[in-house]
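Each of the two complexes below includes subunit A, the first together with subunit B, the second together with subunit C.
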Partner chain A sequence: MAEVSTQTILDGLGEIVEEIVGIPAADVTPEKNFIDDLDIDSLSMVEIAVAAQDKFGVEIPDDELKNLRTVQDVVDYVQGLAAKA
Partner chain B sequence: MIQLAQGRTGARILAFGHYQPDNVVTNDDLAARGVDTNDAWIRSRVGIAERRIALDNESVLDLAVAAGGKALAASGLTPGDIDLVIVATCTAETQVPNASATVAFRLGISAPGAFDVNAACAGFAYALSTASDAIRAGSAQNVLVIGAEKFSPWIDWNDRTTCIIFADGAGAAVVTGSDVPQIGPVVWGSDGENADKIMVQDRNSFLSQDGQAVFRWATTALHPVALEACRRAGIAPSELGAFVPHQANLRIIHGIARKLNAPNAVIAEDIVNAGNTSAASIPMALSRMIERGDVRSGEPALIIGFGAGLTYAAQVIQIP
Partner chain C sequence: MGKTRVVVTGLGASTPIGGDVASTWDGLLAGKSGSRTLPWDNLDALPVQFAAQAAVEPADTGVIPKPRMRRMDRCQQFALIAAIEAMKDAGYAHGDTEGLTIDSDRLGVVLSSGIGGLHSALDSYDVFKEKGWRRVSPFTVPMLMPNGSAAHVGLEFNATAGIHALVSACSSSAEAIGYGIDMIRAGRADTVIAGGTEACIHPLQMASFGAMRAMSTRNDAPELASRPYDKARDGFVLGEGAAVLILESEEHARARGAKIYAYASGVGYSADGHDMVQPPEDGRGAAKAMQRCLADAGLEPEQIIHINAHGTSTPQGDVAELAGIKKAFGDHAYRLNITATKSMTGHLLGGAGALEALVTVLTLRDGLVPPTVNLENLDDAVDLDIVHGEPRKLADGPAAALNNSFGFGGHNVTLAFERAL
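Coming up: the complex of A and B.
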């Protein structure tokens, strides 16, 4: 799988977050913490992970999910797996 | 050659009935007992406002008998007409004997076939399908199917991952033969690899659940099962008058409903006032929806049970 640009992941993640929890995509910026800044709970994080899996083609299991605290963490994770693929 | 019994073309549900214990436990009650939670948290995570918890003097058999008796009375049949009793439960007080024979006896049903089904929260859908198949095969004429659970003794009331969710109750249906099928083909299955996601480890343990894993499974694996049940019944999702999934979590219910895309279906939200009553949740929700007039007789309804095992089962039925 080709490398996915940071902007592509940010845009995609913004769309997902807006659709699932109703937070405007523009608020989904790299430094934001999902729980503390965006007020997203653990079940919504599962839904976001599943949607991200469909969109980016990389699996985010529950064990990994708890380590993905900020938007940048997700970007790094997706890019890391995409690079390995 | 061995002769076969004369079966029926199809089966239909004559009536539902339900019973809930009187004791109401609100979210504020749980917080007041010292559970580290609050009303807003519970409502946003699982969608429950209150649940019913049976007192010590009320057993799962009592719940089953109460619901079964109501369904029987509403069906117009007499106890003597019933020749098979199936109780879906995973919280029976005894492993031996089973619940169903005692429940049948207490309802005045004489010498019926009687067995319990343990498919956890999918139990009612499994039992209903078995009842329908028994009637079609000629093994039974009229079947009383009961889903009954008293989860409260299996809950650690200090464990906020479970004690806010599970509750007590019972629902029942009387099933009979029909020339026009009103219970569709079941789509059922299981995933034993994930047996540890919802379990009671041993007889001295309480129920434990990996909520995140179960949520992921329920919101990703079950809508294809629901859609397949519609397809096999020849009913488009748009024709459904009701969607009655197991009442596990309001967010799971809405998640599956969104993917089902059944714009004309009333979505069961019985969990708000009943909690998660496992095998009882589907018949209890249906019984209460019919009682309130939320659904009309003759409308197709999709039911899907899912839970520990992991097990799942779905079928389309016609509202009696």
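Coming up: the complex of A and C.
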């Protein structure tokens, strides 16, 4: 699997977050914490994770979800899986 | 006396006739039918190919932000839209609208649905079968639970006196209003957001009510299908939408100078003890609900001038209700102006009681009884005065009315309203 660019992931994640919780995609920047900065609850994170799986073609197990605290964490996780594949 | 009197201070609705109270009421006075052919593929698979769908799609109102809409069943969307309209109408603050801020602990919600989030349950099951459990929305349970609508409205207005969702099929939201009246009488709340909602116009419901032979099959003329008391009636028409009444203690409403639509004077309940889905022919269960309602409201039968009937357009139900009215009122039954709102709105099931309570309140306020439409040849068994053709003017002055709602399971609920003078 080819490496997905950081910008592609950020853009994709921004679209997902805007669709699911209504926060503008432009606010979804790498340093943001989903819970503290974007005020996203745990069930919404489940929805976002499922949508991210569909968009980027990677599985995010529930055990892994709690480690994905910031937008950058998701970028790293998706790129890390892509690198391993 | 001692009993706290309860008044109606706000109204909200999203119905097959209009997206709000004003357009719904205008449409009802104009005799408008909400029944239409369904815009679906594969209609040939269904015994009934029409219904009374909401006049305005929830998404088109812009009232609820899109991300929140995704987590709400359609019935919950209707409920919240109607509740926001009603609370604004009552003069309470909401969003950018200025108004009175209410003490949360004195605000309750009683909002019913007969069926609950049917679309959400079935949609999620489709997702599960096609894609597995991980793709099922984590909001599926709050979307399908029948108390979900009450909970959404309670959260919107931070109502902490209590949130309740009574379920009794097609009398659910009449029961909700009755419970709301009792909440205020018991001193549990000053204000109660009370109503009902339903959104189950789904192929499964068309098939299952069709299998019961309960719905009209007049597929070639949907607008003529709901025809209570007419010789050619052949079943009800399924509708969807929501209606909400703001109930308030008279003392609280007067102290804040609220506009008062009417008194919500009382409620009567009974059960048929007869059959799961059929009423007894003599309407004895309905009669008991009406008699108990009069007693609860402290009204004499002769004070009632109007009945907004349950009248669903089924062959048995319509005449059984009229038999019950005669049993409860004796000779006075012949002086009552009776109408059946479902001739225009179709049957909103768990939303019907609240919608018809709302219509009864407006009937008293404006002194105009909306007509029963499609009544061309009166059933030979009907000898009471059914208002049809055009709206009928009621006399000015003191006036009281009843509103009947009956549900599968043998539930009977009657509400009483009095004109505010």
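Going forward, the second predicted complex is superposed on the first by the 85 of 85 C-alpha atoms of A that agree within 3 Å, B and C clash if a C-alpha of one lies under 4 Å from a C-alpha of the other, contacts with A are read in each partner's own complex, and residues count from 1 in each chain.
Please note the rule applied: contacts are C-beta pairs under 8 Å (C-beta built on N, C-alpha and C of every residue); 3 or more make two chains touch, one makes a residue touch a chain.
Nothing here was measured: the structure is a model prediction, and the numbers come from that model.
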Margin query: Just checking: does A:L43 make contact with subunit B only, subunit C only, both, or neither of them? Give me first, second, both or neither.
Written below: both
Next item on the list: State whether A:E64 touches subunit B only (first), subunit C only (second), both chains, or neither.
Entry: neither
Margin query: By the touch definition at the top of the document, which applies to A:G22: first (subunit B), second (subunit C), both, or neither?
Written below: second
Item checked: Intersection of the subunit A residues that touch subunit B with those that touch subunit C -> 43, 46-47, 50
Checklist line | Touch list for subunit B against partner subunit A, complex | finding: 44-45, 210-213, 215-216, 219-220, 251, 255
Next item on the list: Would you tell me which residues of subunit A are touching subunit C in their complex?
Entry: 19-22, 43, 46-47, 50
Margin query: Per the contact definition, I'd like the list of subunit A residues that touch subunit B in the complex.
Written below: 41-43, 46-47, 49-50, 62, 65
Next item on the list: Would you tell me which residues of subunit C are touching subunit A in their complex?
Entry: 65-68, 70, 134-135, 137-139
